[in-house]
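Note that the chains are named A, B, C and D in the order they appear, and that numbering of residues resets to 1 at the start of each chain.
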Amino acid sequence: MSLALPSTTALLMMECQKGVLDASGKFAALANRAAEKGMLAAIARILAASRDTGRTVVHCLSVARPDRGGRRQNAPLLRLSFEGLTIGSRRAEVMDELAPVEGDFTVGRLHGVSPFHDTELDAILRSRDVTTVIATGVSLNVGVTGLVIEAVNRGYEVVLPTDAVAAAPAEYEAAQLKFGLRALATLTTADEVCAVLRASKGSL
Amino acid sequence: MSLALPSTTALLMMECQKGVLDASGKFAALANRAAEKGMLAAIARILAASRDTGRTVVHCLSVARPDRGGRRQNAPLLRLSFEGLTIGSRRAEVMDELAPVEGDFTVGRLHGVSPFHDTELDAILRSRDVTTVIATGVSLNVGVTGLVIEAVNRGYEVVLPTDAVAAAPAEYEAAQLKFGLRALATLTTADEVCAVLRASKGSL
Amino acid sequence: MSLALPSTTALLMMECQKGVLDASGKFAALANRAAEKGMLAAIARILAASRDTGRTVVHCLSVARPDRGGRRQNAPLLRLSFEGLTIGSRRAEVMDELAPVEGDFTVGRLHGVSPFHDTELDAILRSRDVTTVIATGVSLNVGVTGLVIEAVNRGYEVVLPTDAVAAAPAEYEAAQLKFGLRALATLTTADEVCAVLRASKGSL
Amino acid sequence: MSLALPSTTALLMMECQKGVLDASGKFAALANRAAEKGMLAAIARILAASRDTGRTVVHCLSVARPDRGGRRQNAPLLRLSFEGLTIGSRRAEVMDELAPVEGDFTVGRLHGVSPFHDTELDAILRSRDVTTVIATGVSLNVGVTGLVIEAVNRGYEVVLPTDAVAAAPAEYEAAQLKFGLRALATLTTADEVCAVLRASKGSL
């Protein structure tokens, strides 16, 4: 097995929030695609393996203040008048299957569309000497793609279990993996990630 | 006409370099797709309009030291054993159609896959009070997508003339525009960009 | 009066926290110096003028998780075994004189020694089109000096009311202002800042 | 001997340029202080030991375009009308004692006052797995202080040989070391650094 997941591997879960993965909301197509492929169950298996073996776990969240302060509306996605992921609301919460526990990190951001830029995510990973990240969550349309590019720019190896991410529609998801992300990350599956994680311990 | 290109608009050209747009090289499919759609001619028209009206112009380049110093090989794309875009070599040069002139900015980077992270690009744009960037060049597979995400994260409005960018294959290019970048940028054409640029002056 | 404080001015208050300005704690000399010069009262006047005129207000805080996660101990200051500014504890709170109200921003950071690096501070300021920051708080020994350098690097004008900052000992405070910060910021007083703020409205 | 300089140590030399260390220029007091204490000779010894043992060497330079493009004049230091460190000019060159050789890195920046922010310095260090930096050069008034703060924020250990840095006047230099930088870096001497460097090899 050639997949390398050293003790210094971290699991990143991108915007697995109730207001995002909401089949009746603005991102219904994405929510349906994630449900169809069993994305949450795949992430949950990786999360369990990561916690069991002492890896760093980070929930990367999009959040909003009630007054929308800190959120510049400089892109169509950021101008969406959806009922925002307001801090403290049910919609901002992580999906129950992946609910944070003590020891996890949660990095909420008010601004932008991807998780590294001007947040503490990189500092958290550096504080644990993390060298490899497992990219999971939604969506390959924007946020997870941004996560992968930002992680590569910062020197991390990226592992991407294709059943633990989603985009809508499904045809675009396949194309984005094949023609975009394959150049940046090692594509694999949740089961392979779990097997490799469980074969060694983390560095905590 | 609703397209807004204030005096504080900058033109960003991503990796329009001889070693990238080389129909006999590692990225032949991309070079062929760019040729097929007339990408360079479209960018050249925008470049002329930008210079004529005093807008900021930036060439965003990938470059390499002969010893590859500063380049971490932490992704498949960065591990490619292609004959690199070595500083001073013909392959690192900008395509003749877009050759830099005095007053242009050139931002070369040794590391990573997109142009903003830990380069002076943002500082250059801030020094001119730039608020809007025109994203052009290659490729939508990775680099231009990264550019757009990074620009949105930093608060810029992004305008993307679809005939002035390319990805391979063409079907993926169309999908990436429709399902990815449309959420982040205003999609338009080179001709419309030129018309709006020429209707007003830059702030230099 | 030559001091310029446009509508797009923000007040930054650095680490005015109970566990920092604690005359019985590790930073007693600093707390005593701040008390001696009436620093908190000076900041409180600027804070009132900032709020009254609709300026952006940001509390820049150092915080810690109970498990110290995210805090790399890579400097003597970061290795201090003081009773940390644990999230949720009294020591992490802002001093009562400056207590946050609705509409203020609070930017806590787990890592490092200054407030801009890999936090949302810059994004918050950009979302309000802030161009000028008023630097206040503690300490000129490290944190406020870092704040000023980081703000200049990011293109902001910095205004520094010398009675609204502190360092220990007092002789070093004077030297740091005269030989270091005078090259980076406009030195002034809290009263002058208040007068100029009250002469115009903010941009909120 | 408790000083730790692992194979992954890099030498950073801040603005040791002819236009900065010019006894007839705007920074004459600084140039004289550096001469008085033999700063260049101390750095030259560390540079030789770093090269001999395969450590990463970086020249951190302030440079300017003839049209001053990319330089925002948002601080007194950046508004100085000194004959700038124009790219290609003698004044922008590194002092002869420390002249770059093949294998060294040179990071020029157009903007700001310290070397890490939005330059490739961090990416270069990460590409070599650098964990510790030796901070040298000028000045402790602004630039080297900024370098140290930025390095600590990014997770590096900082070693500062006090005879290989300078500030003006000398009394401020002593105070800045004692009350500011001692909290952030391990203070030592050039001779001790050389001895420890020579006791082990670098990681190149």
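The rule is simple: contacts are C-beta pairs under 8 Å (C-beta built on N, C-alpha and C of every residue); 3 or more make two chains touch, one makes a residue touch a chain.
Predicted, not measured: the structure shown is a model, and the values here were computed from it.
**Q** Quick check on the contact network: minimum steps from subunit B to subunit C?
**A** Contact-graph shortest path, subunit B to subunit C, evaluates to 1.
**Q** Taking each chain's centre as the mean of its C-alpha atoms, which one ends up farthest from the centre of subunit D?
**A** A
**Q** Tell me which of A-C and A-B has more C-beta pairs in contact.
**A** A-B
**Q** Rounded to a whole Å, what is the gap between the Cα centroids of subunit A and subunit B?
**A** Between these chains, centre-to-centre, one finds 27 Å.
**Q** Could you put a whole-Å number on the gap between the CA centroids of subunit A and subunit D?
**A** The answer is 38 Å.
**Q** Just give me the whole-number Å value for how far the CA centre of subunit A lies from that of subunit C.
**A** 33
**Q** Among the residues of subunit B, pick out those that touch two or more other chains and give their numbers.
**A** 72, 111-112, 117-118, 123, 126-127, 153-155, in rising order.
**Q** Which word fits how the chains touch one another: line, ring, star, complete or other?
**A** Graph shape, chains as nodes and touching pairs as edges: complete.
**Q** With touch defined as at the start, can you tell me which subunit C residues reach subunit B in the complex?
**A** Interface residues on the subunit C side: 123, 126-127, 153-155.
**Q** Applying the document's contact rule, which stretches of subunit D touch subunit B when the two form their complex?
**A** Touch list, subunit D to subunit B: 67, 69-72, 103, 105, 109-112, 117-124, 126-127.
**Q** Given the complex with subunit A, which residues does subunit B contribute to the contact?
**A** 72, 74-78, 111-114, 117-118, 141-142, 145-146, 149-150, 152-158, 167-169, 171-172, 175-176, 178-180, 182-186
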